[in-house]
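Just below sit the structures, each encoded as structure tokens.
The following pair of complexes shares a single chain, chain A, combined with chain B in the former and chain C in the latter.
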Partner chain A sequence: MEVKEFIVQKVKECVGEANVEVTDAFGDLSITVKKEKLLELARFLKENNELEFVMCKDVTAVDWATRKKRFTTVYHIYSFKLNFTLRVKVNLDEEPYQVESVAPIWESANWYERETFDMYGIEFLNHPDLRRMYMPEGFQYYPLRKDFPVMGIPGSLPLPQKPE
Partner chain B sequence: MGLEAKLTQDGFLTTTIDAVVSWARKSSVWPMPMGISCCAIEMIAAADPKYDIARFGSEVMRFTPRQCDLMIVAGTVTYKMAQVVRRIYDQMPEPKWVIAMGACTSSGGMYRSYSVVQGIDQFLPVDVYAAGCPPRPENLLNALMTIQDKIGKTRARDFQDIIQPKLEITNN
Partner chain C sequence: MEKVHNVYSDEKIYKKLLEDKNITVEDALENEMVINMGPQHPATHGVLRIVLRLDGETVVKAVPELGYLHRGYEKMAEDMSYIEFIPHTDRLDYTATLCNNVAYVLAVEKLAGIEAPKRAQWIRMIVAELARIAAHMIAIGTFAMDVGAVTMVMWTFRERERIQEIFDRFAGARFTTSYTRLGGVASDLDDVAIKMIRDFLNSFEPGLKDMDNLVLHNRIFIDRLEGVGVLSKEEAISFGLTGPNLRASGVEYDVRRAKPYLYYNEVDFKIPTYPEGDSLARYFLRGDEVRESVKILYQCLDKIPHGEIMANDPKRVLPRKTEIYSRMEELIHDFMIINYGINPPVGDSFFSAENPKGELGFYIVSNGEGHPWKMKIRSPSFCNLQVLSKLCEGAMISDVIAIIGSLDPVMGEADK
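Up next is the complex of A and B:
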């Protein structure tokens, strides 16, 4: 498709062919980029006046459990100009799982990244306010990790004492 | 010659204080609508003209716990919310009653998960459980009538020693 080819070409021009990996699954274009190049690519995608991916629709992550590169963070961004949703992925390999925050580029990523941090324990560097979102402050675990039991860890979430 | 004529002729009746007090209590149970999720919609439906909770004297849904006798916990209670529910319960004046409305509230329901309390009886004394997902308004009214029966059996002196618990200030 024409739009996809155009985007891929632009992305490769920006960060270099060696740093990106392009997949096209079920008609959705995904670009996997090296961790170090994420911010550069994000700023380019937003600010280039032929692309204008001005909207960050979602930031989430995948826990692959057994893979060597355990986590993948996924960014869904949208361009009104091209009427196109692009998926950008970053693989995180070693602990601590850290990636640069895109919140300075897309404001909406602020809470999405907080949510991802809350659920997966991925640390977003230079995030303006990286606190827990759903789980109470002081909770020790990350519920959407594959090694977290469905029923939780007994005693990790306090309950009020039952009156007599 | 109706009932009124009979009553106006002989202007008194005898009863016990217990009977009068419990009758008054059970006829004006003011609910605290703790509507947390979808059960709250059915609770609202119970207040509409079709089901009309006013028939039981409970139409006064107060959104402040300080004026309520009955807490209707309608919805999924998460661990985070449990602190809030309990805090609101503590603010209600004695004597007080609790209806656990719906499957989630009673047992966690379909949310068999780390975030949901598997039954609010872990931290609240529940008087009546209303089954259903969500329970129909009739079922909530049935639960209310069960509460009324329960209140009707109380005696005034049952509550004389109860002291309102002191509220602790927590960070939750």
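Up next is the complex of A and C:
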């Protein structure tokens, strides 16, 4: 428990107590931070020599469908020094859904953010190469959004012509 | 272009020449070529496509394109119950299906608060380590085959075949095992299966020595891989590599040691690392890991206790089939679990396990219903592939094959 308290204290010192919300469920520590403070916090978490969250394990998003703040981007970062996986969340409210990219800080976030953009249509600002990851270029929908049907949309993917 | 233009001074002829795709107008020696490798290419280990910009034989830039095996498992998971998704985890890393099964049920058990009985957990360890050996056998064999040592793949597949027979014995299937259940495993390891595992392990070590002899004194093989695709410690961490690829760059990180799950803290094993970070180190590291897995398996077989293989938790763990057919209570529970799911509490959890390719993680968001609200699969092959374009830059075109083989991606997992 000591590690968690230490991290929370450090995070609060960095961005101020008003900007963070801490939850601890299922043994995972999760920090929700205001959108504007994300880059500042990310840089601090990586570069502070008592924390050293040097590895970004995962970036994804959650579509809440009915909530006012529709999307939440979720980052899982790991510190070898503390042997700890921390979850950082950012709630996105207004359209267009945009958030600063963390790819300049953690290189591995590059593809994760591309994947998240592909699946949810969240735009990562200042991303070096924001293209679709899995779906073809020119695909108009975002498959993991809750309003996209599981069966897919007929005709949304152009199929090759049958040879005569 | 300017130079070329002078040669063909007539504007009309020059334009015509440009239109004809069969004639090269530019100077061939000062030309950069773009070639497309894959998705149908035997050395790309599945349907990986790489677009290469070449200067002669040197790669200037490499861009991997994914998505040719994208089946949308994350979307499908949102529409099915937690138990229904277990067979789909087989299709992630199809070389180590049991590792995926184990990782997935552990992730759901963490969220739902189910604890499997002791024997089930030891069985899970045994099957995961067997699957790790099988997966590394493929990795070693195909990697050696890619760079020209074709004998290796025959020998490794021979060993792997024997592991598949063990799978067949206890899970009833050779590849698509779907062996684990929430709260336990589907069937017990009987004495025959345990004897098969012991027999396999006893004859496996001489086989490993033979494989070593095949390549360790092979100048061609070593010269082909030494110093190819070198990745430093810092780069490996910043690119988010995990598993053998990270350890071959000298980082001693293994989820089994860092965050022990099952009973990995009760067995004794080493985490092999290599400081070099090149393709050869990644090759040797897999061999070392197989030896550690053999060590773990021997300890597991000695320590495995007797007892139940499914937890006694009627509201969330499926009852046995014989009881369903003979007792009312069990029938009702079976009906409820199958039709409405296990309803874990509201919240989100992240669990990761050490797979042969790296760290496989499941981030599950539950809203208290029978199916997950969101499930993200953090697949190791996906992030291991990310480093590919960096490793290929400046390498020869034939080294691209060696680098892909050394990273050992499985596209079923990278594309999800």
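We take it that the second predicted complex is superposed on the first by the 163 of 164 C-alpha atoms of A that agree within 3 Å, B and C clash if a C-alpha of one lies under 4 Å from a C-alpha of the other, contacts with A are read in each partner's own complex, and residues count from 1 in each chain.
Operating definition for what follows: contacts are C-beta pairs under 8 Å (C-beta built on N, C-alpha and C of every residue); 3 or more make two chains touch, one makes a residue touch a chain.
Here the structure is a predicted model, which is why all the values come from computation and not from measurement.
In the overlay built on the shared chain, the residue A:K162 is in contact with chain B alone; chain C does not reach it. When the shared chain is aligned, no partner comes close enough to touch A:G16: not chain B, not chain C.
In the superposition on chain A, A:M135 makes contact with both chain B and chain C. Ranking chain B and chain C by residues of chain A touched puts C first. In the superposition on chain A, contact is made by A:E107 with chain C only, not with chain B. Contacts of A:P143 after superposition: both chain B and chain C are touched. Across the two superposed structures, the residue set of chain A contacted by chain B and also by chain C is 134-136, 143, 148, 150. By the touch rule above, chain C contacts chain A in their complex via residues 66-67, 70, 72, 74-76, 78-79, 110-111, 237-240, 242, 251, 253, 258-259, 347-350, 352, 359, 361, 363, 365, 373-374, 376, 378, 382-383, 386, 415-416. Against chain C, the residues of chain A that register as touching in their complex are 25-28, 30, 54-58, 60, 62-63, 74, 76, 80, 83, 85, 87, 106-112, 115, 119, 132-136, 143-144, 148, 150. Every residue of chain A that touches chain B in the complex is listed here, in rising order: 134-136, 143, 148-153, 157-163.
By the touch rule above, chain B contacts chain A in their complex via residues 79-80, 82-83, 86, 112-115, 117, 121-125, 165, 172.
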